[in-house]
Structure formats: structure tokens, C-alpha cells
Amino acid sequence: MTARWRVHPGGGCGRLREECGVFGIWGHPHAVELTHVALYALQHRGQESAGIASVRDGHLRLHKGMGLVSEVFSEGVLRDMAGEAAIGHVRYSTFGASDPVNAQPLVVRYRRGMLGLAHNGNLVNAPQLRDELEGQGSIFQTTLDTEVIAHLIARRPTRELADAVAGSLAEVKGGYALVFLTSDTLIGARDPHGIRPLCLGRLDGSWLLASETCAFDAVGAEFVREVEPGEMVVVTRDGLVSQRAAPAGRPALCVFEYIYFARPDSDLDGLNVHSVRKQLGRVLARVRPVEADLVTGVPDSSVSAATGYAEEAGIAYEMGLVKNRYIGRTFIVPRQEGRALAVRLKLNPLRKVVEGRRVILVDDSIVRGTTSRYIVGLLREAGAREVHLRISSPPYRYPCYYGIDTSAHGELVAADKDVEEIRRLVGADTLAYLPLEGLAEALGRPLDRYCVACFTGDYLVPPPVPLHKFLFERGRVARGV
Amino acid sequence: MTARWRVHPGGGCGRLREECGVFGIWGHPHAVELTHVALYALQHRGQESAGIASVRDGHLRLHKGMGLVSEVFSEGVLRDMAGEAAIGHVRYSTFGASDPVNAQPLVVRYRRGMLGLAHNGNLVNAPQLRDELEGQGSIFQTTLDTEVIAHLIARRPTRELADAVAGSLAEVKGGYALVFLTSDTLIGARDPHGIRPLCLGRLDGSWLLASETCAFDAVGAEFVREVEPGEMVVVTRDGLVSQRAAPAGRPALCVFEYIYFARPDSDLDGLNVHSVRKQLGRVLARVRPVEADLVTGVPDSSVSAATGYAEEAGIAYEMGLVKNRYIGRTFIVPRQEGRALAVRLKLNPLRKVVEGRRVILVDDSIVRGTTSRYIVGLLREAGAREVHLRISSPPYRYPCYYGIDTSAHGELVAADKDVEEIRRLVGADTLAYLPLEGLAEALGRPLDRYCVACFTGDYLVPPPVPLHKFLFERGRVARGV
Amino acid sequence: MTARWRVHPGGGCGRLREECGVFGIWGHPHAVELTHVALYALQHRGQESAGIASVRDGHLRLHKGMGLVSEVFSEGVLRDMAGEAAIGHVRYSTFGASDPVNAQPLVVRYRRGMLGLAHNGNLVNAPQLRDELEGQGSIFQTTLDTEVIAHLIARRPTRELADAVAGSLAEVKGGYALVFLTSDTLIGARDPHGIRPLCLGRLDGSWLLASETCAFDAVGAEFVREVEPGEMVVVTRDGLVSQRAAPAGRPALCVFEYIYFARPDSDLDGLNVHSVRKQLGRVLARVRPVEADLVTGVPDSSVSAATGYAEEAGIAYEMGLVKNRYIGRTFIVPRQEGRALAVRLKLNPLRKVVEGRRVILVDDSIVRGTTSRYIVGLLREAGAREVHLRISSPPYRYPCYYGIDTSAHGELVAADKDVEEIRRLVGADTLAYLPLEGLAEALGRPLDRYCVACFTGDYLVPPPVPLHKFLFERGRVARGV
Amino acid sequence: MTARWRVHPGGGCGRLREECGVFGIWGHPHAVELTHVALYALQHRGQESAGIASVRDGHLRLHKGMGLVSEVFSEGVLRDMAGEAAIGHVRYSTFGASDPVNAQPLVVRYRRGMLGLAHNGNLVNAPQLRDELEGQGSIFQTTLDTEVIAHLIARRPTRELADAVAGSLAEVKGGYALVFLTSDTLIGARDPHGIRPLCLGRLDGSWLLASETCAFDAVGAEFVREVEPGEMVVVTRDGLVSQRAAPAGRPALCVFEYIYFARPDSDLDGLNVHSVRKQLGRVLARVRPVEADLVTGVPDSSVSAATGYAEEAGIAYEMGLVKNRYIGRTFIVPRQEGRALAVRLKLNPLRKVVEGRRVILVDDSIVRGTTSRYIVGLLREAGAREVHLRISSPPYRYPCYYGIDTSAHGELVAADKDVEEIRRLVGADTLAYLPLEGLAEALGRPLDRYCVACFTGDYLVPPPVPLHKFLFERGRVARGV
């Protein structure tokens, strides 16, 4: 164990880690197979665990496990689970120990029968709700916010599931996209601000729900529309009914879905993610220009922004760094010099490309600064004459309480350092961030349509300081995902 | 799946399947390692799943999984779990699908912190309790009776765990041996009649609990005494306190523990299991004699009784059947003639030993009769001139509601057939059972000290007919283990 | 790795380790499935690796791997390998590192096409042949004697496989049972003295070869006869032809097959193994009597002899030791006191049975004495008043060069210690071995019909002292199996 | 098996499959750990199997297995293998059955001791050599050309390994990069034309050999020079000696290493691979221009060429297709519509990017045309108005006999179809290949410095027609890799 070092598959260490992906489908003979395919398409949203709950003949089945979709599901399992409706979930990967009990979906038996739940997001009032519930004699078997929601639903006296769900969602606060499955109903729900994304699709007459549209592409389904902030869609054999789960707040999709999380081929809120990223690069090139010989991006997430920067600046885009695609979640490193080798193995600079050249390095964000410092160092070692770091988002200053892993926030470098200090830390010749106005320009829309709390600290759903403290005191690292 | 055939490791198909084994230890630096060793010793009580919950620095850890102890635990896991207290559990193996969610121990968070539970037995009023709890808004994530008990404990308003446990046990009915673990307490409890066994041991100043004494032998601990029917022992850093959990009923240890379930090297209620079995064979030889050339037993469980029979009858004991020890839980069988091959592979008669001879075949019980018919057939095929089947227990006529798998009861052959009919079914030349009086004689004690409801139908804890129906209607095959 | 301790599944540590099991079948539509079943029946002859080579449409397929038959073969593999002829092999388990490259069968391409070989035994002149072959430019990819034989066959100029095999066998010396498979022929061959066993069977018109008859029982085949010493049986679509591979020497089956290796339900040379063992016990009781309260055997191999002893002596046979059947090949042991725990876990004495009693403990052999000392100690700890050790074979004094693992011979305790010295070493009150004459009496045949070199040092095939030295200098621990 | 569908990790199905990667290191305390790291860096050259042979204390150890480097090696294995010298190998992945016996390195014992070999390439005269060797009594256990070389070396009478290797290489014909390891020597050798690449590096005073320079970058080693065509470098404790293994032919590096196989961050023959690819795109844009709205490349291999094209053409480069990085080697596909789903899942077009636009799709080659047709179809489905396919190499017309998998050659679409026919087949609006002169221009060097036989049919080492026939008749699909 000690000689192993967890390498985050989605980037270097110190990157932001989201989150989860959810999927649901109702009324399709291949519901489970399609959910399985969809989870492959959503795998970038979580590599720690995967699971599917399905319905056949009025009975819920569940299979989930630690690891990638390809590791968790076998042909036999898929065959055993076959049914006409299903929900699926992928969960993010962490560096530390992760608990199998926290894999989703969660399936519970309660007074109305069986209920499956899968959740992306984070509830800011989960600890209080949990304390209240425990005070009333509830037991918890996971550390998931999802389980809190299950308890709330079970305690609602109403006979109608939809009413119980709606009533329960009225009690919770935060960012969430939820899918629910019972023997006769599929429900999708999104938080009042729509912080976490959730889309509605259609295939062969059946309804689908997914965190991102790329899941619809994967199964050949048609994108219909996004689930609205605060909306709840209830799908039964009688079709789809929309109802309000919570008074709609101001819409505020997490802007980091565009910047980093979502797949480039997904469309969110009418905009293609790759195109937005490229536009971020273009705007960045206009407002934060610098003379150089080439532009390069940190693969894979920053390539779109880097090509945008290159085009706008009229400077050649080059592949300055190559990413090794064969490094799994754990990598056995030689002693001592091990870590350096490990990272060099993951990202390799192209000496012939960067040697003696002035390089503009585009990245999407800086969290702790360690990864950036490392990459700048790599380029310098490979002979780059100058390294100009350009970040396609504003400084990430404030922790997220709505679904992004808070464990990485301990040392948000921009929380207490200015740009010049960060530049020195990462060792770049120049460093510039995209200003907030640039973000708006690239999106082509005013920022009040998005949640930008991580840049501004203006939280839509107030996370009282004590709560934050509370979270850490309780050692709740892996909450609410 | 279709070409695989589950072979029950503990015997042929159609055998009774218990049950579970529990273990607990408090205040030993190697608590987890010792629990691991103890579970190996208790493995005969359950091969489906295994698990350990441990305490270190006031925090509960849990590891469990499907399969044998040797498959579920690795060195790394044991190291990660190391602590000063632990409980462990093994669960029986079933033929059909088995659900990982039902592995034990169960660990829950509730108002008093974290609580681990492991359970052997069955609660007859679990369905009603479950309905009541669901009606009050509880959610269930397993089909275990153990989870019912966890809910009851969590709902008790008292601050004291021991009071909460005692109060909860007052609400449940049935047969059970339970171990509980929190950050500061280990509790063991046994049902009012002591139907399921639970022993108390001591090692290096620490207290231990185990379903059978063979677990104490395995870890080098000293057997102290049995936990009394209705007793609850509470172990903390201040030592052990005994308290009554329920008014003691008439003691009634499950007599099948002697006949079939327990390991021959375990002592139960002051009697060694092998010695009782041998005595059963001796009495059987006296009261149900027959002329023959040799005596043989069905390996492994009936060998003790068979040697007793042989000695008493003055007829040579021979190894008439050899059991293949390398057949795992699943065995890939050739098509068509497959099943016959599979069973022949598992049990092989010694032609040279039985050919032309009159054979007394001793077995411990007949459940459905299919296994017996098969074994008698094997001996005849191998040339046995006569086969006299002797059963070292009375006819098994009534289903068990206190912890023995009810799924095998569907076709209790003795429920509606007399001995002669069964003899014809299994194809023996003669068939005789041990009479009830013989059972008492072999034990050297009156039968009212034991639960013999499976022979007499006199249930100590009444399972109302509707309940039984209820159980099956709810499709609760694998309850309460 | 360091904290793991290999527990030998076939017995305690320090036991003899044989050997291998071979099987062959020609002309059956389920040849591969039947070979798979047969390997289960032969698994006691080797648990380290397993393999099958099959023929379909004139092409040889091979699947082999480390581990038990149940671990190496899956349904899919068996399906892929389906064919009309096959050979199979199981290899013994060792304590130390074992090399996957040494799994059998060996399949080679050579001038006549493809050839599969599987081997039980050991060639005393393999090192010389290997040196000669290397001197002629041969390369070796394994340390198997089997590969030496393959080279010899390939170098024979004759077109006929049977001639090439016969010619090659004329060059090798030692003990062996061999099966060969090509696209059109199955060959079985046995060394000139018939040291290693090989039997001929018949099923549905097809011919079968197996190390022991229990493999025929497992597949439902009929035993026809043993392959004669020095005989070679050649099976093609035209039927079976017997030919002489080497001038027949004096027949000399390894007597340890009866004493320890073979399965009790196998018949060897017309005698049932269990019956011989029981007879060994009877004779032992007559010639080495002692007063005692009970007789017990070391499970599983000594149970037959122990019951024989008990019957002859008129003393009750009791189960004095119980073997835990769930301990796999590796067992994770707690630090420090670990080893003691591990062995106690594997064999548990029944205190109630042995306490205060005079115990006759029957075992089949003493190799290094450590296991015996340990078991005697277990019984004393459990309260036995006296422990009289009776060995159902003469003192094992000389290493075997014909197929029994030589690595255990380093410390043959009887090589330089007399019975009284060994008694003191193992801590028994009395110790007695079966004399050589007793062995003959139990078998009912003169000893010159068997290889008893391990007792007498009279080697049929002379192992020159330098050879033995040579073997160890080359570090060839796991040769020729 | 039937419901599984192998998805080639390096691209769609129908892509060219190379080959292998080799690595060697001599005289470094972390030789095995570094080899392990290097194999990660070379993993793109082969995903079917991986292996390492190492030397410690004069003894060779070997570990190899099927699967990725991350699957084959564990921490324990690496620790057990630790040594001061090592060679490593990765082997390509195939669609069909693959044989574990063909994993490399090969380690043999022969008259001079032990010898390890690892090989990238293909020998055109291997079948004849194999026949000759078999005629002389040799046996073969693999279908590897590597084994032929081992036999040749073993049969050389000379005492000196280097002489034996040199003498053996004089007998073989084809393309190869070889590394050899004995207890005291590391040898690297390259075929007379240098068709397959092999580089020499240095780290902490030790010498290294690798197929590509990216392996040196991964371990932090310095690139020294390429091994020359026909050169053999012999490394012992006395240092490195270069000697001629074969008369140098005209240097002729496989041009496909630049076009498709090598990693973009590797330098070959002084040129960076990414830079060459980008230049191929630039030249292609000049000589085969077309009006369009955007340029896109097939990820990952064609992205460099596509950005080159875009820059030269002054047309925006867009991410038109996103590749799912989480699809492993096998992917479980829903029935029926399965295949379509599977491929759509692997490559997803960005509708918002391509809809209504004229797209230039750049790919590196067309083998069978099925992948191209599929991708063109994807873009059209996503709404592309026009799709102009541009191939950054000349038409691939002739099979390769020097190390590229011949199994894909069955239907080389350009073998008998002209460009217009292929255009119709793939469904593009226009199709253009890079002309041969363009290839030269992009490389900046005359083509006679490269092997371009796959474009021209001018084979440097003549593969007589009968040989080719011979290969297929023998069913030798996976030869010599």
C-alpha cells in the first residue's frame, strides 16, 4: 500500500474532483443494457464506483461495485438484471480510502415498497437533517446525502410517491440532480437553481434522464430538453408529467461544468461544451495576450481552450505535452525518485517542439498550484525558453458546497494569494486568468445565469460558516455525492 | 449460468442449511486477526459471506464480502482493520441467487454513534415489526432481521446502549445469538430459550464470544461458560457485566446442533458433539439392529454416528464412500449426463469394499429424500447386496422457524410419508430412524431441555400459521440469518 | 508475502509431496469435459497447477494454469477446448515459489506436427540427457523432465510416433507414467518397473488412461486393466495396440501409493487402497500392541489405518482430531504467535474425548518429525494422559528418485535416528513402526513386487551418489514431476 | 464470448495493428522498476501481453502475462524480480484468440546458461528456418520468430554469445529490433535496413535500449543515439561495444512509425513524430486543398496532422469527434443494434460543431475502409453538410512483411480499388491521399531513406509470393511479433 501512489485518471493530482453522473430510463426492453452504455459515456464524471438498479416484473434489482463501469458489470450481471426500467450512477474517484457502502444507486424498502435513488450534488443542510433524523431514531448505513433523502421520503405520510418526493425536496437545500426508481415510476428532479445539470431524452418512445447529453448520443437517443431548475418529471406507463418540486430560484448552472467537468461533446443549456471552451480560449487570447512561438494545452481538458487561444492569437497550436493513456488508477512507483518518475510518465513534454521556444501553456484552472508548477517545470526541463501560463477561468477562490469534492479545497491557492504570488509559486514567466467579464463574453450570456460562487464567494444557497466547520469536524470527506 | 450447478459444500443437495456463525472479542491488540482465525473455525456454519467489524480509536471499520473467509479477507484488509475489538460473521451458502447486501455484520450510524451487529437465528415476528417500522417511516436496505433489531435499538430513547438493546430484545421473538459492537462496548445476547448457541471465552485478559467452542480452540482461548438463555453480557473496559435481556424461558437448545450443524470438536451445553453423535449411533444400533457385513457413514457429518453404530453392533466400520474435497461451490458439469457425473464425482463408493456385502448406511437425517435415494443407488451400483439405511435422528417433519433455512422445507419427505413409504422412495432394504427416546438416551438428558420442534411440531415460540403463510407470500426465502 | 505462510492442503507441513496425476481419453465427443471431471478426481495428486490439451479437427489446443482445477478452468475455456481426445495433468503443490512455465501438459510443434505430453514421475538420468541435448544445441524452456522426453522424440528420425516414443523411452531411466497426444494418436506408457501407476479404462467405446481408478469412477468409465510395466498402449481410430516400450523389469509399484498417496477408493494392482490401509492398521495392532483407552488417526490419510488398528485391538476408535476443511493453500497468520495459531486452526483435538485418556495415535509415516511432534503436543495440551504413536509403515529412511518430491528429504528424521531417538523427538510415550514383514503381510504379497527403496535403500534404478549431489548443486528442486 | 465484441483500444476496428515494444537496461539498481515504467511508456505498441526478464546474482527471472502492463505486474512481483539488469516487452492486441504462450520475453536454458530474448518485427524466412530446424529434431513451444532465433543461437558452436548472436542474425531476413539478456550481457540488435526502430540511452551510468525515445523520457534517461541498421550493441560490466551483426543495407526505417505507430512525443531518426505528422497535414493541405468550414481529426492519432492541415489551410480546427477513454479491450454490447451502439459510444461527433458545416476530416490511413465509412457516416448523421476526407499518407496497397500484423491485410481496400471507388465506399464528398512526393516533402528527406513498401510494393527484403501463400496456408496469423 505504502509504495502505491494514486494517480487521478482525470488529471494530475490536485485537480478538482467532481461529482457523479446519473442516468434513468423508463419503458424500454433494453433498459439495463442502455443504462450500461450510458454509464460508459458518463464515466468521466466518476471512476470510483458504478451501479445500476432495474425493474422487472415489479421487482427492483441492484448491482453496484467499486471501480470502472467495465470492471463492475459483466455480461452475466447485465443479463440477470434485464428489465424495462433502470437508473444508473457513477461516482468520482478519490485519492484516499473509499467505502464500497457509498456506491450508488441506493435501494431501500419502505412502506410504499422498494425505492431506488441516485444522486449528483451536495446538500448543505444534510448534517442538520441527519441529526434530526437520528434524534428521531433513524439509522444510517452510508454517509450519503442520498440516504437522508430516502429517510425524508419514507417519513412522508402521503401515499403518492411524487408528493413524498416533492415534500422531501422542499426540506433539502443545495445542488442536486436526482433520479428515483420504483416498480411503477421513474422520477427526475433538479435543485431550485439547477446547479447540477439534468437532461431529458427520448428513445423508441421511452423517456430518458441523464446528467449530460453525451449519454443520449451514446445510446442513440434524442435530446428533448433540460429538466428545469426546481422541476420534477414523473414518468409512469401513462407518460411524463412535469411538476414543481420547489419554488424555482434564479437559474444558476455550475459554470465549472463548461470549464472543466462536462464532456466536450455534451451540450449544456443550449451551448456545446467544446465550443464554449474554445471561446474561453479566444477571449483569453484577446484580453490576456502575450508574444510567443507556440500555444499548447494541458491534455485533455484544456485542449479546446488552447486551440481557441492559438487561433485567436494567430500563433501555432502544438502538442507540447503527451498524456499516457495507459496509467490506471494506481501505479506502482519505484522508491525514492518514484513520484517524479510517475508524473513524468503521465505527461511527457515534446522536447523537439518546445526546445528554445516561447510557450503559452493554457490550462482550465489552478486549484492548489502543485500541478501547474509541475507542468511548468516539465516544459522548462524540456528546454522551453519562456512559459506563459494562461488560465481559461477566473481564480478559483471559494470552496464549492454544491457537489464538487471539498477535500481538495484545503489549499485553494487563490484563496489567499494574488496572481503575482501564484505566478512565482508555479514558476511561470507570466500568468494571467480569464476575467469574470471574459467568462460572460465567452458564454455570450450574463453571469447571473450561472453559479460562479467559486470565483466570487456569492453563494446562492448560504453555507453558514459554522456548517463548513461542522463538516470538517465531522470528518465528512466524501459527502453527498 | 445454466450449465453450472451449485454443489453444496457441506453435503449433497437437499441437506439442511443453517445458519450463521458469530464471534466477538473485546480488548485484545490482535482482535481482528483473532476474529479472522475464529471465522475459519466457524466456516462450517456459513460459506456464503463473511465479514468483520472492528474498533480502533473509537471508530468502527467494516469489511465484508461474498465467499469464504479465505476469499473475503486479504492481508492488507486485515492490516487496515486492525483494532482492539471486533465482531465477525459467516453466513450460510444457498443454491440460488444471494444478495451481497445481506452480508453481515451490519454497521449503522445512529444517535449514539456507530453500532455493529451480527446475528445467528431467526425472528418469528420480524415481518410484523418490519411492517410497523415501515409504517413509522423507517427504510430498510437489507432483508435481514438484524436490521429490524438495529431500528428498534435506534428508536429506544434511552441513552444507555445496554438498556436500548435489552428493551429491543424484549420486543423480538424467535431464536437468536447476537453480538453488538460500539466504540466502547461489546454485547452478546441469546434468546430466552437459548435455541441458538453462544459461548463465552477468555484470552490474555480479553473477553470473547462465539457460536461454538471450536472458535476458542482455534485462537487458543479458554472456554468460560455458555451465555445463558435470555442473558445479555456487556463487555466494556470496566469488565463484563451480565444482565437479563428477557425473562428466561425454559432452556431449549436446538438439538440439531448436535445431530448435524456443530463441529464435532465443539462442546455444547457440556457435551462434546462428536461424542453425542457417536452415542446416537450406539443407541441406534441397540434399538434398530440389523444383520450386515459392514457399517459405513455418509461423510463427513455421519461418520461419528456410524462408528458408534459399528462398535455397538460389533460390525466392522468401513469407508464405503469417499468424498472429493476439491469440489468448490460451483462445479462445471458436462451437458446432459452432467448431474449424474457431478454427484458421482462428489461421493464415490468403494466397489471392493461394498461389492457383494450387506451394508448398513448411517446418515444423520433425511430432508427431501433425494440425497438418500441417490447414495443408496450409488452403493447398489457398486455391488452392495443389501443396503440398510439408519438415521441417527427422528423423522424431520416440521419446518424450523428459529434459524434453519426454511427454503429446504418445501418437501420435507417425512411431513406426509411414513417410514415404509420413505424406505421405498430411497430404495433401501430397510430403513429405521432413531426414536425420540433414543435421542434422550444418547444425550443422557430429558428432551425438554432441547428444542425438538422439527420432530414433534411443539413450537416453543408459536409460529402462527398465518405467519408462515405470510413469510412465503412475501417471498422471504433467506430471512433473518 | 512475509506474513503469509503456506499451509499444505494435503496435510501438515513436512509431509511427503507427490507427484502428479495424468489422464487421457481418445474418441469421445465429451473428451474435454470428462478430462476435467477426471482431474477433479485426481486433484489429491497435485494442487499446484492443472492443464488439459485436446484435439479437435486435427489441431491441438492447450489450457493450463497455476491453482486447483476449479480455479484454472472456466465454462468458456472448456467450451473453447471441446474435442474428441484429450490429456490432462495435475501437479503437486510446493511451499516455495512455483513456476507457471512448469505446468503441464507440454505441447510442442516438431517435425511430425504437434505433440502433447503429460508426466508423473522422475527420470534419474534427466540431467545427463539434458546436458547432452544442450551440447547438441537444444534449448529448454522449462525444468521438466517432460521436455527432455519431447526433445528425444523430436530427434528420432523415424516417421512413426510410436517408434519414436519407444526409442526415446529406451534412453530414459527412472519411474514414470506418461500420456502423449497428437492429432491422431493417444499413447500411454509406464516405466519398466511400473513404479508409477497407470490404468486403462473404457467408456462408451472410447479408451481412457488414468493414474488411479477413482478417475474412471468419476467419469463413469469401466476399469479394464493396469498398463503393464514397460508397456506402451497406442490408441488410434483403429483401436488400441499394446507394444513393449522397454524390456520389462521386475514389477515394483511404489508401495507409498498404498500407504499415503492414492485415494482410498482407488484400486491399485488389484487391491483397494482403503482396505490395504485398514489391513496395515490391523497388522500393526497385532505386532505393535499397547494398552490404551482409544485409538485415533491423523485425518484424513490415516483414518483407515487407525480404524483397522482399533478393530484389531478391540479398542474404541474415536475422532481425536478434527481437520478444518476451509483452510486454503495460503493462510494469513497473525504475527508472532501466528504459526501456532495456524496449525491449531488446521487440526483441533477434542478435549472431551482425549482428556485423561490413554491415546493411540496412528499416522501413516514420519518424514521430518515436526508434524508428529506437533500433533502429539496438541493431544497432550488437550489432556491426553498417554500418547502412543503407531506408524502404519516402516521408517522412511532413503530419498525417492522416482517421483516423490526430493525437497522434503533434506531432513528425513529416520535417516540417522533410531526409533527411541525419534520417540524422544516427537514426545510420544511409545513409538512403533510397522515392520517390513508387516507390510508384506498386510498386502498379502511378497515385497519384491513393490518398490520399497525408501525403507531399504535398495534402489531398482541406481541413483549414483554423484547424481544426487548433482541434482542439488543444480538447485533442481522441482524436477521431473 | 459470442455477445462480447472486441474493441481495439488503439482505434476503431480495421486499424493497423503493430507490433511490439522492447526495452533493455544494464547495470542499474532499479533495473526492473525502470523497465516497468518504460513499458508503460511503450504500451501503445502492444496491449495484448507484457513481460520482463531480469538478472540478479547471475540468475534470470521471468514474469509475463496477458493484458496491460498495469494488469500483469503487481508490487510483489516487481519486488521479487528486482535485479540489476532487465529486458521488457509489450505485444500488440488482437481481435481473436491470443495465446499466452506467445507472450515475451522468451527465456531459455541452453548450453551457455540462460538467455532472455524480446523481439519487435517479423522474419520473412522464419518458416523455412523453422522447417529446417524441425527437420534437425528441434521442438517449438511457441509460434514466435523469437524462438527460431533462440534455436539458431543455441546451435552455434561458438562459446561467445555475441558471436553466436551475430552468426544467427546473418541467417535471418526481415525487419527486427531485438534485445537479449544473459547473466552477464545485454545485447541490442537491429535489422540491416533498420526497418524497426531501436534507440540507445543512458541513465546514471547504465545503458538502455528502447523501441522509442518516449521510454527514455519516462525513466528520466538521456537519449544517446539510434542503434544503427545492422548494428549490434553489446553491454557488459566492461561497458558498451558496438559490432556489426549484418552487412548494413540501405537504411529504411518504416515510414508508418511516423504516420501512425510511434508516440507523438518520440523522436525517430532525428525527427519528432508529432512534428512530422503536423507537417504531413500541412503538405496535404497545400496539395489537396478543399473549401470547408472546419477541419477535424480522428482522435488520437490524426489530431497532429489535422491541426497542421487547419493551420496551413487557414480553416479553424475543431473537435468534431470525441473519443471515450473508458472503453476497455472488451465491451459488452446489447444484442442486435449492439455494434452500432458500441462504435457510437467509442467516437461521438459534436453535433453543435459539425451541424450544417462543411467538414474536412483528416485521418492517417485507410486500411479496409470500414472505419472511415463509419466515421463519415457519424458526421453526416450529426448534420455535417459536406465531409471531405483527407488521408495524411499515400494509399496503403501492399501487405507488410516486416512486423505489422498481416491479419488485417486481407482486404486492403486500396489494393484493388482506385481513389474514386474508395470515396464512394466510404461515402465522402471528396477523398484525397497525400502523394508519395508529399510524404518526402513533409519528412524533408528523400524517400529512399525509408521503407515505403506498403505504398509502392518495392520490398527491400523480397517476400516471394510462395512465402506469402505459405504463411496463410500454415494459418500463421500472429507471427513473429
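For reference, chains read A, B, C and D in written order, and residue numbers begin at 1 within each chain.
The criterion applied here is as follows: contacts are C-beta pairs under 8 Å (C-beta built on N, C-alpha and C of every residue); 3 or more make two chains touch, one makes a residue touch a chain.
Keep in mind that this is a model prediction, so the values were computed, not measured.
Colleague: Just to be sure I understand the contacts, which chains border both chain C and chain B?
Modeller: Both chain B and chain C are touched by no common chain, going by the contact rule given at the top.
Colleague: Just how far, in Å, is the C-alpha centre of chain D from the one of chain A?
Modeller: 36
Colleague: At what distance in angstrom does the C-alpha mean of chain C lie from that of chain A?
Modeller: Their C-alpha centroids are separated by 59 Å.
Colleague: Between chain C and chain D, what distance separates the C-alpha centroids? Give it in angstrom.
Modeller: Comparing mean C-alpha positions, chain D is 47 Å from chain C.
Colleague: At least two partner chains per residue is the criterion; list those residues in chain B.
Modeller: Residues: none.
Colleague: In graph terms, nodes being chains and edges touches, is this line, ring, star, complete or other?
Modeller: ring
Colleague: Which chain pairs here would you call touching?
Modeller: Listed in label order, the chain pairs in contact are A-B, A-D, B-C, C-D.
Colleague: In their shared complex, at which residues does chain C touch chain D?
Modeller: 1, 62, 76, 79-80, 97, 101, 106-111, 115, 134-135, 137-141, 143, 150-151, 154-156
Colleague: Can you tell me which positions in chain D touch chain A when the two form their complex?
Modeller: My answer: residues 3-4, 30, 33-34, 36-37, 40-41, 43-44, 47, 68-70, 73-75, 78, 214, 217-220, 263-265, 267, 271-272, 274-275, 278, 300, 303-304, 307, 311, 316-319, 322, 324-328, 331-332, 334-335, 337, 340-341, 344-345, 348-353.
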